[in-house]
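The same chain A turns up in both complexes below, where it pairs with chain B and then with chain C.
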Partner chain A sequence: MTAARYLGPAKGIAFFAILASLPSFNIAHWVLNIAVFTLMYAVMSSSWNLVGGFAGYPSLGHAAFFGIGAYGTALWFQHHAITSGYEPFELLPLIGILAALLGLPVAMIAMRTRSDVFAIVTITLLFVTQTLAFNLRSLTHGAQGLSIAVAPFSARTYERPFYYVLLLLLALAMGISLGAMRSKLGLSLAAVRADEDKARGIGVRTFGVKLLSFSISVGLTAMVGGIWAYYEGFIYPQFAIDPLVTIAIVLMTFLGGRATLWGPVLGAFILETAQQTLAYSLGGSQFYLIAYAMVFLLVMLLMPRGIVPSIQAGLRRRRRKAAVDAAGSQGNAADTKDRGVRSTLSTVKGSA
Partner chain B sequence: MHALIQGIILGVLTAGVYALMASGQTLIFGIMKVVNLAQGAMVILGAYLSYQLFTSFGIDPLLSIPLTTIAMFVLGVAVEVLFLRPLRREDRSELSLLVTFAVALLLEGIMSVTWKTTVRSTNTGYANSSWTVFGYQITLVRLWAFLLSIAALGVLYLLLNRTRFGRAIRATVQNPESARLLGVEASRVSALGFGLGAATAAAAGSVYGLLYPFNSGSHYDLISRLLSIVLLGGLGSIGGAVVGALVVSTSSAIVASAISPSWSEMTFFVILLLVLLIRPQGLFGTTARGAI
Partner chain C sequence: MAALLEVEGLIKSFGSVRAVNQASFTVQHNSITALIGPNGSGKTTLFNLITGYLPPDQGRVRFAGRDITGVDAGRLYRRGLSRTFQQARVFPQLTVQENLTVAAGYSWGQLFGRRMSKADRQRVGQLLEEFRMAHVADLFASELSYGQRKLLEFAAVLMSSPSLILLDEPTAGVNPVMIETMEHHIRDRYAAGITFLIVEHDMNFVMRLCDPVIVLDQGREIFAGTPSDVQSNPLVLDAYLGG
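Let's turn to the complex of A and B:
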């Protein structure tokens, strides 16, 4: 029992220790590049999970906040110089807080609807934001896009600062998820997911917890957008606010397992690396889209509940079986009786 | 004033084709409670099919509609049986969003492999002829498109209101449980209903190809418009889809002619958000089934 209690923290420490030591192995740039993108998606699906998983509100508008973060960073550094190279990272908390505040009125409108209608309303918001990015030319330069000064990091270790900041952000996102799971907030969100009307009836502050989870979630997403803009150096409306980003986040969370701590991270690690590899090997050609869609469909049809919940269910089943076996070896009479029933069942099945 | 009326004429004429697409989508939602994100891709596939029939065999898109609708009906039934039926009931509404999006990506991939990503359009002989009525320009092709869409909507109406199959569909939309108790086989209605939605997408696609240039990526624009139309009208209501199409396409045509085409997209999103603020269930929607 005591061993099981330390398993969770041990897993977390080991996970972050391995990831933190990864860049010091002098691995190739393209691998570290994939790792940076994987971490971005891991943070975003972890934070999407707060709304889409715990509260059961499948937002398809998160890419809008990703874009807002990206444009926030890009716009700030149109007017401010980057000297040490770390200023865009120092700006991130501010961007996160502003996006979270912006998320409040959005959630107030959108969260009047539920499930699939909520999904559509949020994806509509995404298209509104994209149109704004295209049309507010004096601010965003429209389709021309914006550029940010290249970070003055040495070429040999260029990816490392981005990598470590993202790792920190992942720890933050997972910490918030863990905190939510262990607190009244998580319980309230689970009640909202199960039956919102009943939850409100018994006194859960459904409106408040929904708003809180949405605004934390989009705040974290916007921070990733800020890092992304700085990493890429160039942003365009169609890539900064991209429905495919939203879909990728959702798919990763579904693959790993909604409303679990490790599910979204696992999903991101599997899918983003797979996607990058597919894009490398089938690069450019449109077969990449077909391959991605096939993977997508297979995941949804074979593992609708996600990897982590499936494994947990499997473990539970094995543990229960082990318990039954242990009980069975103590009383042989029960065992033979059980076997008798089973053989009768099989003969019934055979004759039918 | 002239620009305004011209915008309204244009908007009403274009509304037909959007009403057709949206009625298929709202029908699918009504029957299965599935928001079909592949509807736009199916429309574009329909447009490609009639484009291909026109360029290889010279069959006018207006005549090829029966062929493309039958082909797409079969495709729609296949999609329902292969991808939507296996989903478990309790998480169907969320998962079906993702599954239909994956179908949209799959169709987009197949279309861009088959027809490349260059922009195509179906150029018939009458594409550029137009009439001038009281100083307002009406292009022949838009009028045709409008009449054709109305005709297709009429066929859909008759199918739903005058046939046994239509009665089964309407019963399922109103109350799935009672419909099942009265002997309507839900799985068959779902498959055929999805096929019917795909068939309307095919008909709309043939018309769409006449009106606008398209490529495999065009379905993103379409789906965002379609979603706002069906939400505006109320999910599951075909009459609502027609009204929604009218509102969306006239308002965007007016904004395009009075202000700037680049803001026309924005207009109906704003209208949609305002409507949802006052009536979350849409203009003609019902609050049933926990969607709101």
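Let's turn to the complex of A and C:
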């Protein structure tokens, strides 16, 4: 029991320690470049999970906030100089807070709808934002895009600042997720996800917790957008506000397992590294997309609820079985029978 | 002293169907009032109107002397007006303990407190002990039998210390032993001062437990009285037998 209690924190510390030490192994630039993108997606999946996983509201509009973060950062540095190279990172908290505030009225309107309708409303938001980016030329320069000054980091360790800021952001996103899961906020969100009307009727502050989760989620996503804009140097409407970004985040979270702490991160690590590596090895052709889709289909076929929940359910079944066996050896026949029936029931449910 | 719940001329239409048509009745303090009527007589819609799940087209609802027409369901719950649903709505992927904790109606500040605090565990533990469900405390609600889920839903609404509980068919689809258990818990809580309004089709259950009985037909009340009066009333017989 005590060992189990330390397993969680130990896993977290090991995970972040390994990631933090990764750049010091003199890894090739292209690998570190993949790592930067993987971290971006890990942060975004983890953030999306707050609203798409915990609250059960499948937002397809997150790329809009990614774009808002990207454009916010790019616009700011049209008028401000970059000298030390760290200014865009210092701007991130402000970007995050502004996007989160902007998320509030959006959530107020969009979250009056549910599930599939909510998905459609939010994807509409994405296209509206993209259209605005294309057409507000005086502000965004339309299809010409915006550029940000190249960071004055040494070429040898160019990726590191981006990498570490993203790692910090991942720790923040996962910390918020963990905090939510361990608090009544997470409990309320779980109730909303299961049966929102019932939750409302037993005094759960459904509207408030939905708004809060959406707002935090899009705030974090916008911060990633800001880092991305700075990393790329150029931003164009079709890449800054890209439906494929939204879809990738959603797929990653589904793959790893919704409403879990590690699921979205795991999903991002699998899919983004697979996609980038395949893109490198298979060259400029689009073959990598087929391989990428295969990975996804295979996992979804074998573990429809995602990787982490499937493993958790398996462990739970094994523990139950062990408990039943232990009870059986004590000769408590009636009790064993009772529990045995129940664990069979949960097995059936688990595979359904 | 005014009645605990006063329903006055409630009307609710869905398209051209008038589900509730000028319903008016009262529920007295510390009573177990039954609301019966044939299928489609508007009982569940009436529950939805009273508990804030649906806004009425016309009419007023007063609870403990205050007008609560159109007030949000969550707010009413925190004020002491609770309900259960016909199909035992619990949260399947939460454990039994969590199902009870989430129903405690906590404030904004508590939202950031622990998922299950020591105080929660204690309170939930007592309730589960009372309902003889302590052995399933850590199971997911999805692993419970239907009857146990009904019991859990009932136990959950007690978490807010309600003064009035509306039960929508508490015994439907439940085995006879569980019906007795349910009856026992209702009597217990009634003795502790809670008022009940129960929609039920099991007439034996109603006649044993409830007084008065209100009869609803085509969206309005046609009779209210003691169980024995109801059984002999020609209007009621007509409504049920399709006169």
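In this text, the second predicted complex is superposed on the first by the 307 of 352 C-alpha atoms of A that agree within 3 Å, B and C clash if a C-alpha of one lies under 4 Å from a C-alpha of the other, contacts with A are read in each partner's own complex, and residues count from 1 in each chain.
Note that a contact is a pair of C-beta atoms (placed from the backbone, for glycine too) under 8 Å apart; a residue touches a chain by one contact, two chains touch by 3 or more.
As the structure is a prediction and not an experimental result, all values here were calculated from the model.
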(message) According to the stated criteria, A:G208 is in contact with first (chain B), second (chain C), both, or neither; which is it?
(response) second
(request) Could you say whether A:A191 touches chain B, chain C, both of them, or neither, answering first, second, both or neither? (result) second
(message) If you tally the residues of chain A touched by each partner, is the higher count for chain B or for chain C?
(response) B
(message) Just to be sure I read the superposition right, which of the two partners does A:F287 touch: chain B = first, chain C = second, or both, or neither?
(response) first
(request) In the overlay, answer first, second, both or neither for which of chain B and chain C A:A133 touches. (result) neither
(message) Just to be sure I read the superposition right, which of the two partners does A:L92 touch: chain B = first, chain C = second, or both, or neither?
(response) neither
(request) Considering only touches as defined above, state whether A:V117 meets chain B (first), chain C (second), both or neither. (result) first
(message) On the A-aligned overlay, A:R182 touches which partner chain: chain B = first, chain C = second, or both, or neither?
(response) second
(message) Taking the touch rule as given, give the residues of chain B at its contact with chain A in the complex, in rising order.
(response) 33, 35, 83, 86-88, 91, 93-95, 97-99, 101-103, 105-106, 108-110, 112-113, 117, 216, 220, 224, 227-228, 231, 235, 262-263, 265-266, 269-270, 272-273, 276-277, 280, 290-292
(request) Report the residues of chain C in contact with chain A in the complex, numbered from low to high. (result) 51-53, 72-74, 77-78, 82-83, 85, 89-94, 98, 101-106, 108, 110-116, 139-140, 142-143, 156-157, 159-160
(message) Under the definition above, what is the set of chain A residues touching chain C in their complex?
(response) 181-188, 190-191, 194-195, 197-206, 208-209, 342, 345-346, 349
(message) Using the touch definition from the top, list the residues of chain A that touch chain B in their complex.
(response) 58, 60, 109, 112-117, 119-121, 123-125, 127-128, 131-132, 134-135, 243, 247, 250-251, 254, 285-290, 292-294, 296-297, 300-301, 304-305
